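Chain nomenclature is as follows: A, B, C and D, assigned in order of appearance, with residue numbering initiated at 1 for each chain independently.
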Amino acid sequence: MAKVLVGYYSKSGNTKKMAEIIAGSIKSNGLNCDLKAVEDIKAQELLIYDAILMGSPTYYGSMAYQVKELLDLSVQFHGKLDGKIGGAFSSAANIGGGNETTILDIINAMLIHGMIVQGDSQGDHYGPVSIGVPDSRVEDNCCRFGKRIADLVKRSLNE
Amino acid sequence: MAKVLVGYYSKSGNTKKMAEIIAGSIKSNGLNCDLKAVEDIKAQELLIYDAILMGSPTYYGSMAYQVKELLDLSVQFHGKLDGKIGGAFSSAANIGGGNETTILDIINAMLIHGMIVQGDSQGDHYGPVSIGVPDSRVEDNCCRFGKRIADLVKRSLNE
Amino acid sequence: MAKVLVGYYSKSGNTKKMAEIIAGSIKSNGLNCDLKAVEDIKAQELLIYDAILMGSPTYYGSMAYQVKELLDLSVQFHGKLDGKIGGAFSSAANIGGGNETTILDIINAMLIHGMIVQGDSQGDHYGPVSIGVPDSRVEDNCCRFGKRIADLVKRSLNE
Amino acid sequence: MAKVLVGYYSKSGNTKKMAEIIAGSIKSNGLNCDLKAVEDIKAQELLIYDAILMGSPTYYGSMAYQVKELLDLSVQFHGKLDGKIGGAFSSAANIGGGNETTILDIINAMLIHGMIVQGDSQGDHYGPVSIGVPDSRVEDNCCRFGKRIADLVKRSLNE
């Protein structure tokens, strides 16, 4: 059965809250899903998942260094994530404050791993964004994101 | 006396409204400022300004093709905008809908022209963003943006 | 049978040459593939393809306005490209001259359409890049890109 | 007298070599310049410089986490770098391998600090890029970059 990882770094709790909603949505769409803080993820573990989602607060327009550290360490098995599904989400203090560039920063890393990403023609196009504490708009976006990832994983694995 | 151009493309009127506020702010900070739709700007005209600001709606994560057409045509005098001040702004339908990438798309073009851009540690960091019709938050951001551009132009020209 | 479109804009012929190699690779990997200049593509046509690849020269760090015009016009059927495969390639005059941002500009538009993109852990990670006239390195990258797109389309359609 | 910091992270020595050339060029253009590995820079030190340049290898399309850690820590004096000059450079393994996105990742952080950046209409537009060991093309770009930064600092401070 397909396995998804939702990894996140969170200080205020906002990104963690998003991660929980996304993981809940993936599970209720029928897939196994692990929810872990990046500090608790060993790079090697990334290999066991069919899909990897990463969330980070928006810090100076890109992912928190703790998230980047995990990605930098994944170079030891470069090429082995090829063909896996990826996705990203972020919480930020302000509109236009770097949330899109943070998500794309993570997506770029996934593309360089040869991973597969999908945008969304509705809502937050690159991945879910929260401005401050996640509200009902963000909850909807995170649920939708989890469902779409689950659908993509199933389609990709012909389940 | 220093001259600033505020160029924009606008269909709904949202980007135009932002352009008007920015141009007003630049004037009230003591500089000459022309406000023009991109359809009415000949590429050659860009040469006469000390600072060039460009606004575009967010269309598929980057500037409207009408704005890009003007920038593409500016290649005929490539190198001649070097050292001028630049800046960008955008209106979008959604948070996380591509407004940052649209602004950075314009900024990248300005960097490739050798132009100088400044971010802002407050508010919309890369440039003013409106989600839908400009509200008072956007008005404040546009006024602040105009003032900062005016200050940078004055500092740059030692006025 | 799956159908792929390779669209391109080309003035010098470099991007066109890349497009031809990519289209050839897709065909030799068993898929139908149309090769068209963007000037000859009606936005509505995009709907009939399972995968859409777009190539553009690097003009001021993003796609040529002729490519953007086609994408802007696709808003009329926004949402209908959701789930299709996408990819991008670019030719540029210089290393570090904007080729990556041009490819990502196109990829961002595809993500906003809800499309699926895959990077590559080898070679040009975001999509094939040529610095000047395509050489044997570029040919290899374009062949590889065509094969990977064909594989992704087949996997996606369970062919 | 104006003071410039050239900070870098380097494992292979390629980014360090670029940093040395840039620092040499800034000095020979008449400014004070400190050259430091990011591990040896305390965030607080950034405050004493008129211009800050940062170099990083290209790791998964963005700056090494060691560079990001320094930038993340600078949040403690957010707003105090406003108006300073910034710039970025990167070494990468491949053309199209993420060097531009790495440089822009650093530049975005600088914009969010309210800093001022300038592109270049010649050579590597966003900032100097080395593919592998710096060759004479890269040396020229780094020298040119140092001179342009020095000129911008002087113009900015009316020296």
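The rule is simple: a contact is a pair of C-beta atoms (placed from the backbone, for glycine too) under 8 Å apart; a residue touches a chain by one contact, two chains touch by 3 or more.
Please read these numbers as outputs of a predicted model, since none were measured by experiment.
Novice: So chain B and chain D: same face meeting same face, with over half the numbers shared, or different?
Specialist: Same: when the shared numbers are divided by all numbers used, the fraction is over half.
Novice: Which of the two pairs, A-D or A-B, is linked by more C-beta contacts?
Specialist: A-D
Novice: Quick check: how many Å separate the C-alpha centres of chain A and chain D?
Specialist: About 30 Å, centre to centre.
Novice: Centre to centre, by mean C-alpha position, how many angstrom separate chain B and chain D?
Specialist: 25
Novice: Rounded to the nearest whole Å, what is the centre-to-centre distance of chain A and chain B, using the mean of the C-alpha atoms as each centre?
Specialist: Going by mean C-alpha positions, chain A sits 32 Å from chain B.
Novice: If a residue has to touch 2 or more other chains to count, which residues of chain D qualify?
Specialist: Counting only residues that touch two or more other chains, chain D contributes 61, 97-98, 101, 104, 108, 111-113, 125-126.
Novice: Any idea which chain C residues touch chain B in the complex?
Specialist: 59-66, 68-69, 71-72, 74-75, 97-98, 101, 105, 108-109, 111-113
Novice: Which chain B residues qualify as touching chain D in the complex?
Specialist: Those in contact with chain D are residues 78-79, 81-83, 104, 108, 110-122, 125-126, 152, 155-156, 158.
Novice: Report the residues of chain B in contact with chain A in the complex, numbered from low to high.
Specialist: 61, 94-101, 103-104, 123-129, 131
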